[in-house]
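Just so it is clear, A, B, C, D and E label the chains in written order, and each chain counts residues from 1 on its own.
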Amino acid sequence: MMEIKQLSKVFAGVSGEVVALQNIDFSVKQGEFVSIVGTSGCGKSTLLSIVAGLSKHTSGEILVEGKAISGPGSDRAVVFQSDATFPWLTVSENIEYGMKVKRMSKEARKKKCDELLELLELEKFRDAYPREMSGGMRKRIDIGRAYAVEPQILLMDEPFGALDVVTREAMQDELLRIWSERRKTVIFVTHDLEEAMFLSDRIILLSPRPGRIKQIIDLPFARPRTQQLRESHEFYELRNQLRKIMG
Amino acid sequence: MMEIKQLSKVFAGVSGEVVALQNIDFSVKQGEFVSIVGTSGCGKSTLLSIVAGLSKHTSGEILVEGKAISGPGSDRAVVFQSDATFPWLTVSENIEYGMKVKRMSKEARKKKCDELLELLELEKFRDAYPREMSGGMRKRIDIGRAYAVEPQILLMDEPFGALDVVTREAMQDELLRIWSERRKTVIFVTHDLEEAMFLSDRIILLSPRPGRIKQIIDLPFARPRTQQLRESHEFYELRNQLRKIMG
Amino acid sequence: MKIKLLSYVSILILIAVWLVLTLGGIVESLFLPGPKQLYEVISTSYADLAKHMGYTLMRQFTGFFIGSALGIIVGLMIASNRYIQALLDPIIEILRPVPPLAVIPMLILWLGIGPVPQILLVIFGCFVILVVSTVEAVKNVPKIYVNAARTLGAQWFYIYRTVILPAIVPSLVGAIRVAAAASFGLVVAAEFMGAQEGIGYYMIIAQRYLRTDMILISIILISAIAWLVDQAIRKIEKRMTQWSERHQ
Amino acid sequence: MKIKLLSYVSILILIAVWLVLTLGGIVESLFLPGPKQLYEVISTSYADLAKHMGYTLMRQFTGFFIGSALGIIVGLMIASNRYIQALLDPIIEILRPVPPLAVIPMLILWLGIGPVPQILLVIFGCFVILVVSTVEAVKNVPKIYVNAARTLGAQWFYIYRTVILPAIVPSLVGAIRVAAAASFGLVVAAEFMGAQEGIGYYMIIAQRYLRTDMILISIILISAIAWLVDQAIRKIEKRMTQWSERHQ
Amino acid sequence: ACSGNDKNDEGAAESGGKLKEVSFGMMPYYDYAPWALAENQGFFEQEGIKFKSTMFPVEGNVAPALINGSIDIGGFGDTPSITLASQFQDLRMVSFLNIFKGFAIMANKKGDFKTYEQFLKESNDPKQAAIETGKQLKGKSIVTTSGAAFYMVLEQALVNAGLTMDDVKLIDMEPDVGVSAFISGTGDFYLGGLPQREKLQGEGYPALISGDEIGPGAVMLAGLATTKKYADKNPETIKSLQKVWFKTMDYMKSNPDEAYAFLAKWSNEQNGGKSTADDAKKFIEAYVIFAKSPEDAKALFYDENSSTSWKQRYEYLVKYHEETDIIKKDSVKINDLVLAESIFQSLQQE
């Protein structure tokens, strides 16, 4: 259970103050899949980074299991919006990084890493360095690295934005599979309404500057969700409706 | 007129050779809007960077107006896939960069810059530095910087990938408007089939490793294209068809 | 603010240790002069010291600025062009490790005494530090910025001025701070070359008579001024790298 | 390959100028010794030179390695913790600009002659170069890498070892190359401190008798060895920064 | 840091029959060469000493090394011993062994002047010639090193000619760099150490006047210095060293060919030179006066009436340095500083 209460964040930038988040109020239940959607610059990444414990909020409260967040930790792994693979590590070393931190045995690491490499379709590049990878491949490394530590809360900032539709749908399906197996909390930032609808239990819609909650949408779709859902009329309707709310 | 003949590109990576492109053959007419679509890692960015004159191809030929490309130039401005805003310049300085290179007068620069800032919805951030911007905002700066030099050929590598649906559609409309006004060539890399379909005259579909042309699709849709097209049955049909071709 | 306090603490401890060692009579004043000896030197020769320091600073500043600027410019030139690199790199590589002390007699033979060879030595020292650091810093500039500028039509000179130069500023801060500190050591070495004034000259005389009190005073003075210079560099740097994440 | 040729050209020109000046009788051999003088020195004292060079290199290498390693470690410590920084930074800032030449008599007084104070001087010189460069390099590490490691549960020590350290390698190359070159200058200065052997000792004797031929030989020897060291550093660096875009 | 060499406890060393190690600081010049000869001949072992030489190319480093305890005994000149003693009260001059007269004021090749020799030829009066030569210094610039052993040569030359330091322009720098500056055209005259004098002569620069020609004030007494602690604990060792010295002198007298050949070889090893035995002989005869026997030493240094009596010279030097504010008044007491005479006397009594 994570509770966010009256959370605000103000940046004192060179060009004046920017209110990135204002009075954000919501909570996420254990095992829930929540998406955060909003236009560019509305504060999605800022919110995620506060939840991750990487930024301090200006006011308000944020509690995980009743306790205020004091900093980052592997219980809340993050897939960052920008490129965050370690360029000095090979693909497999990147993926094993968090597992090494957790002092997992070499065999366990290797096994998990192989699984993930297959999942991410990077088997052939296990020993390559990130600079030899395409943008989408690097993103997949980031995703694998976060998956590997099996966090209590997985924070993902537009993880599939750089992926083509085939890879992306495969990754979405995988994410749902992993999530439904382990039932950990996922907070998922995306600018893609359909993606949010397909994946989440709830969508939190942010309005831009100052970033406020415009609406919270509970999704009525049953799980497991399949390709059929994407093509259903219901889905299509809701999408158009949300699209209108966004502006 | 740009002609690409039997173009191949092989990377000699740490983990062995990677054939990124193999026997690519196509041409782009003056004023045409061509999209390149393919799965992650199939060689889209590589192809674009060769066209831009930033990478050397391994074999084959690439001619612009009958002459081999010898290097990059402002006739082929690029919007890169990864973040390429100059962090030491403010938003407006970034946008004016190419215009300064072209020795445009201060007033002309200012005027163009103001136009673009409005278009990109960044007016309020003209004097901010890129590090104070969100991922999507930085991407928009990149786009503005490339637009500003009014290149003969505009090369865009997943420019709208980081943008939310609202901003993205606005940007797509703007791109089409600008393009139809000036009728310059655009080569547009995307992993979003719908986007490619909505924008282009032709789609070049690449198959992954080695990157080869799988299919070239001439789009039958009339211009100007509007929101209605996106919602039409024809559009929807073609999309599903292409989706199947992709795998 | 607690942190600021801590940084005074470490200096105060240093001073306290010094006071205990000297006033407590634990070490002889010849080995480590105490406050009394230093006070005596200062009270009798502060005017002299100020004059010497003035000469030294003039040489140090001139040498540091010219040497650093030249180092950055030549470093950029070497990094910009493989032909220039092939021509200049070997010569610089040959000259770079030449010990300043070794060339002093040669320099005097060739150029005589006077401020020219002295400033030249400081210039040379700062130059070699910055030339190498600049070449390395340029290598570390992310290629994408250069590529972006190239596709916007910028030619190499313009790219160097508007992309490479601002991009390497953060990486050069270290080298500039090293060069600034080194320039003090160099100017002292240079003043061993027959300067008739300057803190290096003052020190040579002090060494001749093993006047550790005079040596210590000179060292303290140089440290203090170098510290001020370093603070100034940090201030300027902060303004120039505002755009980066360095100071967050 | 044409480029490689060019780099020989510049050295050949240097040598040609030297030959013309000396063999052509344009400068006296006292001012610039010619090949004949150098050959004589070498043929009579190559064994001696080799011996001296051996001692010097031993000190130089020891000092360079210990000093650089220490500088990087302390630099990382300072960069890692604001309290450590507050404590150590002022002391290092005070010591950093102290001219090595100025402390030589003091060092002899405190530590006597022998290799210890000499190696200490080299250590100190390399240490201050690397400590500053490391602190600055750490500041330039993109925050996102540190953040990524933190969210993966890494603690600060682990982050320093696995993120900061590899990330600063490319930025430290310049500093290490500067320190390597400086260590030769420092070891010569150090050998002025009552060394019984070593190229610095050899040079002092040469200076005493104004044997410019011996001085020039020593300079050439040092340059040559420093060049080899620099090549080795570049090789190692290339292997260690394979992952970066530096060498493309 | 300031501990002396406690390990070398005299009694233990001698009773055990083992050799006592003496760490000896010297410079690579001819005046120190006899010590090397003594080592070569095994004279130290005969006196129960294991000689360990430490070569200092820079004079300035001998003093700190001695104070620190890195060396037990070092070669020292009179002027440096006084300036150092004002800083380090425990310095002790324990013997005088030679007089150095080889310092010379060197003149620029192109200068308009006459050398002492030329004046002497004209007037045949050494005293007058020295005065006339000295007068030429007026208003000229002189490259030299204040506080160095040879500095008094200039002082004396000026005094002879009725001039003071204010009548000349002093260019004060270390001898090594000074000679470079002089060759490159700085200054009208140069006064430095012997290596520099030789170098300049080799390059064709004439000697204006040398120390012994100027007068008794312009020579340097040289001997051995140590710390109070060492002198107190090791009186026998110090005496033994003097015995070694005189033994070496005897050897040089009876075997001059071998001796000078060795000295030349030693010197060449030190500085990469090419001197022959003949050069060494000439050099030593021209520039240094060794105390060849105890009687010789007595006559040179310890006879109050000698022109080179240590007492006279030290009193003069202390007065001079006090007057010129180089040392503080009463900071040097020559009877504390110089133990040489009493040690010499006790040696005589044995």
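The definition used in the following text is that contacts are C-beta pairs under 8 Å (C-beta built on N, C-alpha and C of every residue); 3 or more make two chains touch, one makes a residue touch a chain.
In UniProt terms, the chains line up like this: A, B = ABC transporter ATP-binding protein; C, D = ABC transporter permease.
Not measured: the values here are computed from a predicted model.
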Partner chains that chain B and chain D have in common: A, C
Shared chain contacts [chain A and chain E, defined touch]: D
Chain B and chain C, separation of their C-alpha mean positions in angstrom: 48
Length of the line joining the C-alpha centres of chain C and chain D, rounded to whole Å: 16
Geometric centre distance via CA averages, chain E-chain D, whole Å: 38
Sequence positions of chain B contacting 2 or more other chains: 14, 82-83, 129
Chain D: positions in contact with at least two other chains: 30, 104-106, 109-110, 192, 207, 210, 242, 244-245
Chain E, residues touching no fewer than two other chains: 1, 60, 64, 67, 176-177, 180, 183
Pairs of chains in contact (touch as defined earlier), listed by label: A-B, A-D, B-C, C-D, C-E, D-E
In the complex, chain C residues that touch chain D: 3-4, 6-11, 14, 30-31, 82-83, 85-91, 93-103, 105-106, 109-110, 128-129, 132-137, 139-140, 142-143, 170-171, 173-175, 177-178, 180-182, 184-185, 187-189, 192, 200, 203, 207, 210, 212, 215-216, 218-219, 222-223, 226-227, 230, 244-248
Contacting residues of chain D [partner chain E, same complex]: 30, 41, 44-45, 48, 104-106, 108-114, 192-194, 196, 201, 204-211, 214
Touch list for chain B against partner chain A, complex: 11, 13-15, 18, 37-41, 44-46, 81-83, 90, 124-129, 132-137, 139-140, 158, 161-168, 191-193, 243, 246-247
Complex contacts: residues of chain E adjacent to chain C: 1-2, 60, 63-64, 67, 83-84, 86-88, 143, 145-148, 171-174, 176-178, 180-181, 183-186, 326
Chain A contact footprint on chain D (complex, rising order): 144-145, 147-154, 158, 162-163, 166-167, 169, 242-245
